[in-house]
Amino acid sequence: MKRRLLAGCMAAAMLVSLAGCSSAETGKTEGNTTGNSTEVSSETGTTEGKSDNDPGGEFVLGSPQPLTGVNAQAAQATLNGIQLAVEEVNASGGIAGRQIKLVSYDDQGSPEEAVKIANKMIEVDKVDGVIGPLLSTCQMAQGTLLNDAGIPTVAIGLSPSFMQNNWEYVVRSSLNSDYVMKILAENMTQLEIKSLAIFSGQDDSSKAASNAMKTEAEKAGIKVTTTETYVDGDTDFSGQAAKIINTNPDAVFVASYANVQPIIAKQLRQFGFEGLCFNKELFQADSLKVAGEAANNWIFAYPYISYENIEDCDIPNMKEFITKYQEKYGELPSHEGAMRGYDAVMVLWKGAENSGSADGKAILEGINKISDFEGLAGTFDYTAGDGEGIRTCNSYVISGEKYVLLDNWLKEGGYEAIKSK
Amino acid sequence: MLKVNDVTLRFGGLTAVNHVSLELKEGTINGLIGPNGAGKTTFFNLISGVYTPNEGEVIFNGIKLNGKKCYEINRIGMSRTYQIINLFKKMSVVENVMVGLHPKLKSGFFSAIARTGSQKKEEEAAREKAYEWLDFVGLRSKALDPAGSLSYGEQRLLEIVRGLASNPKLILLDEPAAGMNSKEKEELDVILRKIQKLGVTILMIEHDMKLMMGITDYIFVLNYGKKLAEGTPVEIQNNPDVIAAYLGED
Amino acid sequence: MLIQVLISGLVIGCVYGLIALGYSLIYKASGLMSFAQGDMLTLGAFLGYMFYGQLKLPFVVSLVCVMLCMFGLGQLLERGIIRVLLKNNVLPVYIVLATIAISYIIQNAAMMIWGTQTLTFPPIFGSSLVELFGVKVQPEAIFCIIMSVICMLFLHVFMKYTRFGTAMRAAAMDPTAARACGINTSFSTGVTWGLSAGVAALGGMLLGPIYGVFTMLGAIIGRKGFSSAVIGGFGNMYGAMLGGILLGLIETGTSAYVSSAYKDMISYSILLIFLFVKPTGIFNEQAITE
Amino acid sequence: MNKMKNLMNGKMVPKLLLAVILLLVPLLFQNFNYGLLICGFIAVYVIAISGLDLVFGYCGQISMGHAAFFAIGAYGSAIMHKYLHIPALLTMIIASVAAALIGALLAYPASKLVFHFLSLATVAFGEIVYQLAAQSPGGITGNFTGFYTESINLFGFQINTNTRFYYFALVCVVIFLSAKHRLVHSREGRAFLAIRENAHAADGMGINVRKYKVMAFATSAFYTAIAGGMYVHFVKFISPETVSNKQSVMFLTMLLFGGTSSLAGPVLGAASVLLLNEGLRFAERYQMLIYGVLLLAAILLMPGGIYGVIQKGQQKLRRVK
């Protein structure tokens, strides 16, 4: 009797699972996005010719982001930025004449989900292009699958690690953190910093940034006094802060997620550290609000900054972007992920523009021809062929709880003011 | 076969069992009586390894039991039943008995997975043996029902036969007749005699004096943790201390 | 530096203690374990942000409102979910898993309602730092220590000396016997769950100004509360607080003097060691072994 | 002799039918890699959950840190394969044996803990292994950057496509489920059940309760570690997020969804939860909220899990007949 039961159940289970997969395959649960992307069309059985670029078909664009969990805030802003760009591109005729259909997924920041989503995007949604996930571990897990399927991916992660797998179809529209660390190291020598403490998260991009900082600092003759880390989701860094201050460094370099920035800023100031602090990426606007004056004298080098209100912005295309963002979402971008997402879609669009076709290979060649495209992050130049579009950016300092260009701040003697204190 | 010398057990200030000594002869049916709270079940738990005595020693077939764990004592040949029925409710009746056979079976973890010839044979033999034991108490018809679905009396019998499955030399029965009707008590009487014929010594706690006086060869009386008296059923019936303890005159 | 470590160790220790108090209360009153305490803290912080930050009510008023809301929610949870499970006497793991499901729901619902940004919980005592033993400390930190101690004393007195408190303890020890003496055990268990939710919410209100309010605020603190409860002796009020403070100090100390990399691992190893070596904890609470 | 009669009167038919269906699956889904990938994942989870069922469903010992053994299996196999160049299949087995030993080491002191505190001990163990994976000494596990590895190479036959992995996983599922079936119906299986039902009485019946609890833990650790090894050589990438406590909760959810102490429970549980997960993809950021609500609803309405519902249905059928 037992054997029959086993057999029956195994059959039932397998059939249930296969029916489930096939039902998922027939597009019953087509990824529809919030906002007014094109109406959800049920998937016809035929597989669209990937290579032909008949204007009638759609350009399916996949976007797996960690919409839940610790990075939900950044992911939501990124998705908003992508949707804004998709609308703009569709308004001006779409990619090589094909309207973009955005398919958004929540990869919960887990590589296992990322792999499943990648397979689904390739097989079920038949994506023509993908905007890479925010977390580099998910990008690492997805990279090979999408690359082998010949689907161009514009990654928006900051960590250098996933660009070393020589994936032909992956390019980056954000700034590789190795370049940022070079710029910060130059700033440090400029500010005669002699010793540096490092406080880093364990996640891949923070780890990569702090390691790059260590090499750049040692190259510039700056002694690294200590390296402290924190556990993802932790909120109490008093132990680490106390230890850092005990080694009395001239400056502290912090590589962390957005929601950790204000906490470590407050605790460093609380424990009496008055020196300069360097951040691996933009010190977010709302983190600035939580940190208050503890965020003063923080320096970072980053292609974009977030704004309290539209008037503060003096870069023309950025101003245009945040105005449209405010119109659509009723608030200014809360995380610079919005700019990264926007630039990524634009790079993809420009690539298709250069090659005049929506085919994966053609888009890639088109992208590698980009040399002077004015994105939010600055002028994109992919001609070097290593998939990195942006290499420099300017540095900012937070003074009076406002973003100020480092060069202007130095000219006005802001640094002398602190040094004398 | 079982010698208990001057055994004492204290729970904090309370002395549950106070310097009790007794000896059981091979193949006899012995009774253990006494008013409620006299420490009878505690005494059972003492012998079967649930508690370790503070003083004195328990010798079973020449082996000192102090400090041994329940399953070690069971393997030397002492089984028991419990005042509150401790059956494996969701397992079937026959499986309960097969669990009783556990110490007697040899097949290990890997032979089970490989389902070796010897393991299969041993399993079948165990199943047959279990069915024999069910015949012993007339429960074969309910072999595949869950143990929890049996009537109260049947559960008592199943617990006894589960204890017998490992061919013990001594079996401790904790109020086997509790909750049984008179017909079931008669059946129990027959079964107890059958157990004695198998050469298994019995030590039984029971409140039903009619059953006890009819079946036992020797009786021990406990009161407030101390041994009040011992002797044949007739001696115990006329022993003034016992009567006083029961009628509560002193 | 030692003073800094001590103070911040005390602050985080007190919050661990508050969470541990919640666990001990629930365990004392219903013999169960809720994995949603951490998220009760987060919810308390969000509600505090709503009352105190957005509606600009005075702090004390918003504190009372938050405690009442969470008290109600805790009761609702017990009556709506836990009691239903207990009625169709399911395996204990179902109840544990139900609390985990509740914690998923709270986290994601909070994210939907209050969005994903880190919200600024307005400071209670102005934003200027206070000098304490030569160290600049946020006034909220001292407030947190004081409030936790007050809360522990209140709970201790409540459980030990008030009629209702003793009824709750009786209900936990032996529900049937308690019912026999006329105690409405279902009501008292509900109150205990409400109380522990309120205590966790207090933790949220105290932590909000220091760390800001975001959905994952209570996640790790919730789990650390377990370690502190076990170290002190699971089910014991004093134990919860002492365990919390000890754990807070050990953690901050190790990350300051040894290495911050293995801070979390150390606290979980301490939990394991206590469970295996001294399961009854410092206060010898006979709750753990068979 | 009644066994022979059963074989004759067509008891073999449902088994053959099942075998044919399962073997045909990849052909039916030629271009449908995604479906096969999900089936591959289902097979991996079926083995992990069957292991958990042994220690929890049969032996009654709760474990809320089982992702730790999944991690030991996955990382152990990947690291040994990369640094010691041992073929993948062998490293999987070695890593799983190691996981079994570690499971036994954890179970020995934990066997005296009563329910809730055993769950606490396993949660703590799970967190410690996660921390080790996240910041391993010398970065051997690649920490959060993750760890790449190759697919299984069975004597030259590379199992790198979803179809090949599907068949390999199918064989593993059959092996492990039949092993569990035999173990459960043997002396050891009865000892597990006796301990779950009433550990005190089991002790009285001559069962060394501690030894069997340790055996149950070690076996389930072995199963879950094998599943970890299969996962890492299938996805060819592993990072700490996969082995966080969310994974341990996922294992328990699948087991309880499917129904405990049965052979089919874990299969139904793994399949239904994974398909539910895929089905909820459209919900994007509300996916976890819906998942939490469904989990709560299942616990309240379906305590026996899907298998429990089927069993109740069968019993009603039998009574009606």
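A few comments on the model shown:
Going in written order, the chains are labelled A, B, C and D, and every chain counts its residues from 1.
Throughout what follows, contacts are C-beta pairs under 8 Å (C-beta built on N, C-alpha and C of every residue); 3 or more make two chains touch, one makes a residue touch a chain.
Small disclaimer: the values here were computed from a predicted structure and weren't measured.
Chain centres defined as mean CA positions place D nearest to the mean of all protein CA atoms. Ranked by distance of CA centroids from subunit C, the top chain is B.
Averaging C-alpha coordinates per chain places the centre of subunit C 33 Å away from that of subunit D. The mean-CA centres of subunit A and subunit C are about 35 angstrom from one another, to the nearest whole unit. With each centre defined as the average position of its C-alpha atoms, the distance from subunit B to subunit D rounds to 41 Å. Note: centroid distance subunit A to subunit B, computed from Cα atoms, is 72 Å. Under the contact definition stated at the top, not a single residue of subunit B touches 2 or more other chains.
Shared interface positions of subunit C, i.e. residues touching 2 or more other chains, are given as 108, 111, 261, 264. Multi-chain contact residues, meaning those touching two or more other chains, occur in subunit D at positions 131, 135, 185, 285, 288.
Contact between chains, as defined at the top, is found for A-C, A-D, B-D, C-D. By the touch criterion stated above, subunit A contacts subunit C in their complex at residues 68-70, 72-73, 75-76, 228-231, 233-243, 245-246, 258-259, 262-263, 266-267, 270-272, 286-287, 289-290, 292-293, 334.
Those residues of subunit C that touch subunit A in the shared complex are 1, 4-5, 7-9, 11-12, 108, 111, 115-120, 127, 129, 135-138, 207, 210-212, 214-217, 219-221, 251-257, 260-261, 263-264. Put simply, subunit C touches subunit D in their complex at residues 27, 32-33, 81, 84-85, 88, 90-94, 96-98, 100-105, 107-109, 111-112, 223, 226-227, 230, 234, 261-262, 264-265, 268-269, 271-272, 275-276, 279, 288-290.
The touching residues of subunit D, counted against subunit B in their complex, run 179, 182-183, 185-191, 193-194, 197-198, 200-209, 215, 219. Interface of subunit B with subunit D (complex): residues 48, 69-71, 74-75, 79-80, 82, 86-91, 95, 98-100, 102-103, 105, 107-109, 112-113, 115, 119, 123, 126, 162-163, 166.
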